[in-house]
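Next come two complexes, and both contain subunit A; in the first it sits with subunit B, in the second with subunit C.
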Partner chain A sequence: MSNRQPTINPIPHWSEKHGWRRLGAVTGFIALSFIFAPILWLVVMSVSEDPLSGFPGPFTLTYYGQLLEQTGWVDPLLNSVAIALGVAVVSMIASTLIGRAIPRIRRGQFTLTGVMLLPMMIPGVVIGTALFLYFRVGLDMKLGLWSLFLGHLIWAFPFSFLSVLIVALRFDVRLLDAAADLGSGPLERFWRVELPQLKDGIISGGLFAFLLSFNEIARSIYLRGKTETLPIYLWQQAASHSSHVPLIYPLNVLILIVSSALVALAFWVLFGRTKT
Partner chain B sequence: MFRPPTHVAPASYMSFVLIWGLVALLPTAGLLLWSTLTMENFQIVWEPSLQAYRDVLSSGRWQVTIRTLEIAAIVTLIEILLAVPFALWLAKGTKSAGVRTVSLALLTIPFFLSLSSRTIVWRGVLGLNGPINAALLQLGIIQEPLDWLLFSQFSVILGLIGPYFPTMVFPLYLAFMLIDDEVLAASKDLGASPAFTFWNVIVPLGLPGLGAGIVFTFVPMIGDPVVPELLGGGNVVVLSASVQSLLRILNYTVASALSVLMLVILVAMISLVAAITARFAKGGL
Partner chain C sequence: MTNTSQDRILEVKTLWHYYGNTPALRGIDLEARRGEFVTLLGPSGSGKSTLLRILAGLELPTDVNVMTLDGQDVSNIPANRRNVSTVFQHYGLFPHLNVRENVEYGLRARKVPAADRRERALKMLEQVQLSDFAERPIARLSGGQKQRVAIARSLVLEPVILLLDEPLGALDEKLRIDMQVELLELQRRLEMTFIYVTHSQEEALTMSDRILLMNDGDIVQTGTPEDMFDRPNSRFSASFMGVENLFDAKVVAVSDAGLTVEVNGASIEGVWTGASLPSVGETICCGFRSERVQIADDSTTSMNSLEGKLTSHIYKGKYLDLTYQTALGPIRMRSWQSHAAPTETARIAWHKDQTILCPKS
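Here is the complex of A and B:
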């Protein structure tokens, strides 16, 4: 990185001399075990005879088979995918519009950014209650897919906005002057100069918005009306003591496999191809 | 009229800002209004009063707020103790890009799995007949199964540690990454011990990351209904469950008052965190 000439006694990396490294690796390992032990346990128990018992084995694929017969999870899954896709698309468009504008407006940059990021500071239960009272009690509207979409958008948008803002702040607007000098119009400038520069932030913002919406539950319980999303369905199944509880184990394993594949694909599209 | 190429049309973004105000900000501000109205026979009466706030105090529902804050504070503290060394190690300790990439990927994966299914597995593990009790009994450490392992504040805290770890690590990692290696080398050359460097160089420079980590971890945890219900089993009532039960019995004003109360506490807390960050980031500890 630096342009200095190599010195006779190169400065050793500060961390080489002491035990910080070991401490960091250990705490990281502990915390990651707290995250992944339950996930691995879920996978093991999904092929066990009695998933709720706490002891693995004897192994069976019964519950995967039962998923095909008891299809109560299909509608919630479709609802969740539809809402998450909507939230992702709207978040991407809105964060592009506002994210590209913020670095270039003269007054109110901070206010505008603050107003957009505000919902990050509000817990789900508060915003859920607020939207419920506003739309259901105040405006007497019937809650459903649209209110779930709105609640998720308010939760997810600030994150995708931040993602776009970070790349937008690095964008050199003089490129637009240069493009104009070379004779391109406003649309071409946006499409061929600006958008390619903002693309990574927009796509990762959309991906993040999709995931936040897909797993959202804290706001959904207030805004769902009679609609079920997948996290709500899974939660209800988990909280109930019905015989269907074991089914959420294989269902989650399948979701994990599919979403990991999708994310790997997204990462490859984002970062993998451009490198070569 | 001439428009420079860098000009953005205000209409392009102000329209969304307007919508945002109507669907996100106005409802939140509306909570303040709801909480100062009166309820009579399950109907809202447009008559200002502080009855809802008096009810929060007299019904003991304020204890729910305290309990929610207490659990979130304990877990946030645990996350700080786990995340600071880990983030520092990721940013400055390991020189292997592979370790770094894999660690960051491992921190991202949990976002894809629903919280309830990751939480439900603790029930089997911590339960009276679960492997932990079985092992302790087998070893003769205890004579009877421990009943406080599950459906207690302990199990709720244990269950929250995993899901809320990544949100603490990411901001800290970014903040530590931004610290120049040369600064650390300079501190060492001037004779500072590693501990001195940590407290006087790394901590002040990392404070913005710590502040962001606290906000991103603490705030969502306040609103989380899943872990307390699945692992608290009705013994650990938090804000979300309390508000939900209030809405179910159509007690809208007290539900709003509880929400407003929590919001006020959070605003005070976040301002404090921001003020401390701003102050110490300049002057050092």
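Here is the complex of A and C:
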């Protein structure tokens, strides 16, 4: 009796009903709208006559034109770009040096990687405050471009490190034996065998570092002194009731376009291309 | 200079190599002549691959008295400044370069102009029948094709010696046998010295001019394939070269013609393969190949023979593996009449001059 076939109930259990899939699709769509609607709204408003009214249209490119006349945003932009470029370059070099060392060390690989990645998990305000106290009180440093650069570097480095580590762990070090055997000295082995295979990770790591620095605000508040970066400038303008507010819309749209392009590029370099 | 010393392309004397405190190679002496096919044969961990890496220059020896390549001292020269090239078991092809670029790599490292190296690479690819694959990415090659690219990439540099580290290990059996023949033809055609590492005695016997058998960081026997096959000089050599019937034996009589030993009460005569003759009463090793054992038709004095009783037979396709229980102990015999019913009790025999007597260690 114990081996009796289970009886088949023709009525589906509630968890088997078809409606669940539709519910999933609907909630998913709602979630996506919450994410993208404000951004879309921003884009629409940037080409509307009165962005502050909250109603789209009539459409105009006036405010894009005004960006050329009211140039208060240029210096913050240049600061941001300079810092982000510096952070990107230094992150790429440091990530390459450390990233390719990790697979080669015998003990403590895991611990060292963990320590390198830890700043990702420390809240921005904590790092910001800690660095503020350290630079200002500890080192008696004048806050400005340098402190911003260092703060951003601490924030961005783990991401670019991770990006390089992925490709470094995949690299077959036996290829370096083959290169040596074929007549390459240490430098040539690095340039012609190792670097070409780490390249994707290094480039995407640099792009991530650039963007993280460029968009950074939480740490910058503490570390900027009197220097303005673009995100800080935008935030200040948005918070004030100045006549410059409509300019924020086109400026944000431009940043959005450039940032998305960079992120897309980073992902394409790292994951998108078919490996041959 | 004498002709022999010009012929000697590689000379190594008392090479020691350590990993930490563990010796990996213990005082190796090694020589190779121009155009010779030398095989380093041995079980894994015997040090053969380490020796090859040292010859390549990928590792520098802890201590060596003499290490010359084509007359030049190379004991402190790293791989990139030695005119030898290695074919690795893992191929070591560069995945970011295509077939032609891989073959050109070494020429580029030697600053050969682009047009010239392209021409030489394509010519070499022709030699290994890969002309149609020149622009193909490495990932889209089969194992056998990768192997050929690796060989072409080394040969295009015209090295003094080509080192091959178990190059056929990753290939399936059919392809491996084809590649053995192909490699051998290539070596004969180029008249290049090959030093070949393998753990397969069959591969070593097929291809080599000379085999160096290694065990535990030392070369334990050197000889032609025939020497190694018929006259192993130690129990290890005998067992590694596939001698199935091995027994402890006590020396009873020593004469110019041969040795008489006693194995479990049975008297056996054979040929001494060790260095200095043993003394009477010494315990040595007695061995003979299963394929040399036969059913005695007429008992001649040139054979050892014993009564045996069949205890097992295993069908292997081409042959039968039979085991007979004898006074000596169980004896393996290979019968090529694989479809004939084996005789249950028989007098089995094997030639005295095919009976190997050698030191126990």
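Note that the second predicted complex is superposed on the first by the 225 of 276 C-alpha atoms of A that agree within 3 Å, B and C clash if a C-alpha of one lies under 4 Å from a C-alpha of the other, contacts with A are read in each partner's own complex, and residues count from 1 in each chain.
Following the convention adopted for this analysis, a contact is a pair of C-beta atoms (placed from the backbone, for glycine too) under 8 Å apart; a residue touches a chain by one contact, two chains touch by 3 or more.
Quick caveat: nothing in here was measured; it's all calculated off a predicted structure.
So, A:A239: does it touch subunit B (first), subunit C (second), both, or neither?
first
One more residue to check, A:W41. First (subunit B), second (subunit C), both or neither?
Touch partner of A:W41: subunit B, not subunit C.
Touch test for A:F161: subunit B only (first), subunit C only (second), both, or neither?
After superposition on chain A, A:F161 lies in contact with neither partner.
If you stack the two complexes on chain A, which partner ends up touching A:F149: first (subunit B), second (subunit C), both, or neither?
neither
A:E188 contacts which: subunit B (first), subunit C (second), both, neither?
Second partner only, subunit C.
Does subunit B (first) or subunit C (second) touch A:W73, or do both, or does neither?
neither
Please tell me which partner, subunit B or subunit C, touches more residues of subunit A.
B
Quick one: classify A:A130 as touching subunit B (first), subunit C (second), both or neither.
In the superposition, A:A130 touches subunit B alone.
Could you tell me if A:D177 is touching subunit B, subunit C, both of them or neither one (first, second, both, neither)?
The answer is both, since A:D177 touches subunit B and subunit C.
After superposition on the shared chain, which partner residues are touched by A:Q197: those of subunit B (first), subunit C (second), both, or neither?
So A:Q197 only meets subunit C here.
Which subunit A residues are contacted by subunit C in one complex and by subunit B in the other?
177, 179-180
Which subunit C residues qualify as touching subunit A in the complex?
56-58, 78-81, 84-86, 88, 90, 92-96, 105-106, 108-110, 137-140, 153-154, 157
Show which residues of subunit B lie in contact with subunit A when the two form their complex.
Touching subunit A from subunit B are residues 4-8, 10, 12-13, 16-17, 20-21, 23-28, 30-31, 34, 44, 79, 81-83, 85-90, 92-95, 103, 106-125, 127, 129-131, 161-163, 165-166, 169, 181-182, 184-185, 187-189, 194, 197-198, 215-216, 219-220, 222-226, 229-230, 239-240, 243-244, 247, 252, 255-256, 259, 262-263, 266-267, 270.
Give every residue of subunit A touching subunit C within the complex, in rising order.
So the residues of subunit A touching subunit C come out as 172, 174-175, 177-185, 188, 192-193, 196-197, 275-276.
Residue numbers of subunit A touching subunit B in their complex, please.
2, 11, 13-15, 17-18, 20-21, 23-28, 30-32, 34-36, 38-39, 41-42, 45, 51-55, 94, 97-98, 100-101, 104-105, 112, 115-116, 118-135, 137-138, 150, 154, 173, 176-177, 179-180, 186, 189, 211-212, 215, 217-219, 221-222, 230-231, 234-235, 238-239, 245, 248-249, 251-252, 255-256, 259-260, 263
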